[in-house]
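Note that the chains take the letters A, B, C, D and E in the order they are written out, and that residue 1 is the start of every chain.
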């Protein structure tokens, strides 16, 4: 049994993994995810793809909200920007997805940058309302710029093509989304052990002291908005490829709130938190529906009655969860890890 | 040329005058103490020097350049570092991360390099880590390296804050009551660190401190503020003998 | 000119109902630093209770209304007991999230008990508008103006001069320090939530009365009012009161002058644009207290 | 014993649940009654109904599950949101998709071969109402052109019939002088109505749901407007009378599905089911709407079953054979062909008189090429 | 009056901070609790006042008894009502409230209006600076002024047992002396029992009736002030007097590491 850490060099001490075990586990998980489409049903692949996209977007939101401490209600809007940018570039300009996805991200980053400007003066919930404004402004533009976005009727997105093959089914979408997610997670995880990421966290914890440490607070807040919206924009782009038709109705304000829920329940300022949160919030309704469907198929007339129960259980789980783990799932996870690492000498 | 010159600073907040017409100089390599009763404007003075407050009137010159209009961050880049009276550490982070943020101005890597990590960013991080570890060793805080700062006892947090300021490798270090909340032994340790920093590293310092024993022993020069005005300025001995200072600050006890 | 005046006046009266709903937000924020996302559901719940009492149990409206307020106060206490008490001392952001969970929960309860279909709400106000000069105003809004005025005075006095009021503000700043003063944070929470629930119920009943019908969609008002309280300043009673009419006027002017130009939709967005502009000049809203950041 | 699996994508808790729920109940009861009567050729229909809360991604998830895991033969969908989001997929997967959205483009099989609904298209509805306007204006002795306004939500459902309406108005000589957007969950329409007043509007078509219609009526009364209002089938039913009370007097509306309790032959079934399954619930035209939709596709299932083609294309083919199929008076008789999914060209206009919905006429549009899909 | 028996405190379920601490505070006396940074002094006070709960801390063993009753399970607001008031470390004033409102909150649990008014007057008498700043927001006060305010709040509560966590922190010398005089006065005039955590051991012992010295979550030494003052280690580590030669200069004591005998 390992009973402590022994490290020889700083490089080793700074590595992502504390010991070889997690490294192996992670590699195993990756391999599993890679071979999964071989035996999972397309429905579950679709669910997984949605979870992956949610993970990406939640990670993006976590950059700005969890790590930099700027509460954002603009997630749905940024997803929309990424999505409609993709629709325009892939549909109207016929660009290939390898160009479209990063460009959509960049465009969203630009938009994010603009809506980040109020963060020069606004803090906390006041800033949240500026991002809420961003939501409604983007929504307005999207519904009214018919030529570009298809207006209220939405716009179709042609399937991504890879080596002449249309990635139109769930399996190929899965293989498109998975690597993007892994890449972005890798990027974000690294970002937060280097200068820029640490500056973000510094701003969150104590902005005056960050400023005094030489961090140009406003610049880094903008940068945080840009990075965050880039990631969310990429998620939006993938979402567009997956949905194949997007309209303003895909991006309601409640979606932004759902995402905020993900990062809070998962854990603010934690990549693992975004992952847990995204899985939880995406999967919970799915599970609840499976459960109520099962009920409903025994007593069909129950369908109408059990429907609100689903909403209620969702609310209840969220409430109970926060009561028992107010710091998020990632905190619980670390706790368990810390406990087992020192087991049986837990004090 | 003095390292820092403060000219006729005037600072007031809606009805409260924090500084009225304060001027003084700090020469290179000095350990300069600022003392004065509570609410005299000492912290405000430090805030003006580091750029957290902007005075209504007067100027601050650092290395001959007028920095009055510069942001705190740009002053830090020029070599001004500080600690805070009410401890302003990044509470949620570990000691190590706190110090690494102190290296911010010395790092060149950008967003992309950082995100990709392997390559130049990693080399730079390791180099920084070495600098930081030296400081950790120097201040004897190895044992709490990986602890989250918010859970540390008060006295240790003060020390971590000093460490973070040192990580900036500043030319001018501003200390706001570095020894508050310490017992005699810890004060001695702290005094030893401050002297070492001043003498071995040659860092110029301005220190606010209420413990007159320490001030008299370690500082080269003392400026005394009372109700926002400078009432005395001189060597520790001169200041200690000053009647106005005794009345306003020291009392009969000392 | 009359067009302009009508828009203006209408903005003020419609805005008063924003103020009324906004007050609930402010009370909770003032005592807990929490933005209550379940506010909309409180509105709906209050209105449904009143509806049930008047229609199903044939209680005269006045008494039904009073009973509704009592019910709402109890609801507030219950919420504190079951949901907020275990969260005392936890980070504010978790508390905000809990209100999101609470809103789902309440929504489900409302849908489970009363269904989702639109239900007629008793005609508590005569349909005849009242005239202010040449300008007609719905009676429902007049009541909301009146309630807002009364509540403004009540709350201002309460928060400034009563011990509980000051203790509420103290609790918002730091629960731990409040505890060390012997302030019962539980009681403060319960008090704040019941006051908020009561105010919401008043708002809910008035709103439903104006709409003539009631369904869960009214909960959207909760979200709608957030910019109003931000505009006024999250912790300012006067702010909520002033914020409502300003928002109402902005909406009306945008609706009256911009909508025809841009093909509609400005009524919803334009106020937001103005809001952000105002906030860049006054970052804590018109009357919000500035967060003290000293080092 | 075999089952026929049918997917159901309903809104029972979301923003349209006020009308989505009774619609779902209608479908559900209709299936239950059909099964009680022996099902389809001895096979029971298994309705895998589920709520999507008007969340598009949930609708897509449900769809994938129905199609890939459950292997349903067809789907009864609901609103504009899910129907629009899935319209490309249903074509690809060959899954007939019935919806409560009557947008005209969906009736063009060359674009959307698997989409169906049971009502005149939104466009036909508005055209018919405009016909009524012209008629009424003439009767009232109006000179020149009647001045009309469209009031609608800034969404696909709200804007669906606008283009058709504008064009048709121009053709028949009715002046569209104003178009006003009603924001989602609006509380006050004063500014819009004041603008209409300035422009001298005489007739207005409100294309939002019941709450919105009622609010517009209220504010119009407050401002003393004398505009004659008309409404679309999601804003005009028994509940408008209940909610708007006397304000609703004289309002006209499109009624593709008769109010609950209308003495038509088909209503007996509904009343029996109502007694049997949930006697305490209130029902309105939305319930009838769900039921009518279900009657049509159960007939399709029967056809597919007879042909031994119990799959998507089979059901589609069977539905496309329906000619003048009667829903027992719940709606107009419907006809589908492989080239044209416009179920009917007849729109009933009702008016609220003394608190009752009274039919004032059937308006029949020509089945023209130019209007197809628009 | 107050007794801690073998108290054990754990933070976050894993960090053991107090390791079987016992101490007693007799009625009407001033007891000083000394110890180096991180020894657990503040934790001890929080365990007594119940504020530990809001920091994920927990008393896992032993007991705390006030006037014979166990108090370690009670919520903090009840503890205050029983008559224990803690002045928390680091000032902790209500920054958004005015000075006067802060002072009023100190008397939150009391209901005698006349007494409250008199006590408020007394606070302003003790700290005239606060009277000047009466209507200002406490957040804008200087560090020392905030400390005065924190102590005033305790005065307003008129507790039976007042616990002070480093009251002299950040105060100018004149005021430090003043504060200690005030503490002594409160003790004598109001018969308030006092538990004092303080780094300025000289002053603390000069007014205390008894003293405890903590290291690492345990009491390592206790006794009356004279006994403590004569202990070599205490002299060296707390009183700043060198082993043999009385006062020494900070300037000359570089580079040597001492050992604490009681830790050996």
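We adopt the following convention: a contact is a pair of C-beta atoms (placed from the backbone, for glycine too) under 8 Å apart; a residue touches a chain by one contact, two chains touch by 3 or more.
Computed from a predicted model, the values in this text were never measured in an experiment.
Q: Computing the C-alpha centre of each chain, which chain sits at the greatest distance from subunit E?
A: Result for max centroid distance from subunit E is chain D.
Q: Would you mind telling me which chain pair, C-E or B-E, is linked by more contacting C-beta pairs?
A: By number of C-beta pairs in contact, B-E is the larger.
Q: In terms of CA centroid distance, which chain is the most far removed from subunit C?
A: Greatest centre separation from subunit C goes to chain B.
Q: Distance from the CA centroid of subunit B to that of subunit E, rounded to the nearest Å?
A: Here subunit B and subunit E have centroids separated by 28 Å.
Q: Counting only Cα atoms for the centres, state how far subunit A is from subunit B in Å.
A: 41
Q: Find the geometric centre of each of subunit A and subunit D from their Cα atoms only, then give the gap between the two centres in Å, rounded to an integer.
A: Roughly 37 Å separates the two chain centres.
Q: Where does subunit D touch two or more other chains at once, residue-wise?
A: Residue numbers touching two or more other chains: 12-13, 21, 154.
Q: Taking each residue of subunit C in turn, which ones touch at least two of the other chains?
A: 107-108, 111, 263, 265, 268, 294-295 - these are the residues of subunit C that touch more than one other chain.
Q: Send over the residues of subunit B in touch with two or more other chains.
A: 43, 52, 84-86, 88 - these are the residues of subunit B that touch more than one other chain.
Q: With touch defined as at the start, can you tell me which subunit A residues reach subunit C in the complex?
A: 71, 118, 120-126, 129-130, 132-133, 136-137, 139-140, 143-144, 208-209, 212, 253, 257, 260-261, 264-265, 268, 305, 307-319, 321-323, 326-327
Q: In the complex of these two chains, what residues of subunit D are touching subunit A?
A: It comes out as residues 8, 10, 12-13, 21, 24-25, 28, 31-32, 46-51, 53, 55-58, 60-62, 64-65, 68-69, 80-81, 84-85, 87-89, 154-156, 158-159, 277-278.
Q: Which residues of subunit E touch subunit C once you look at their complex with the stated criterion?
A: Residues in contact with subunit C: 49-51, 53-55, 75-77, 80-81, 85-86, 88, 92-97, 101, 104-106, 108-109, 137, 139-140, 153, 157.
Q: Using the touch rule from the top, collect the residues of subunit C that touch subunit D in their complex.
A: Contacts found on subunit C: 3, 6-7, 10, 14, 17, 107-108, 111, 115-121, 123, 127, 129, 136-138, 207, 210-213, 215-217, 220-221, 224, 251-256, 259-260, 263-265, 267-268.
Q: Which residues, counting only subunit C, touch subunit E once they are in their complex?
A: These residues of subunit C touch subunit E: 88-89, 163, 166-167, 169-170, 172-185, 289, 292, 294.
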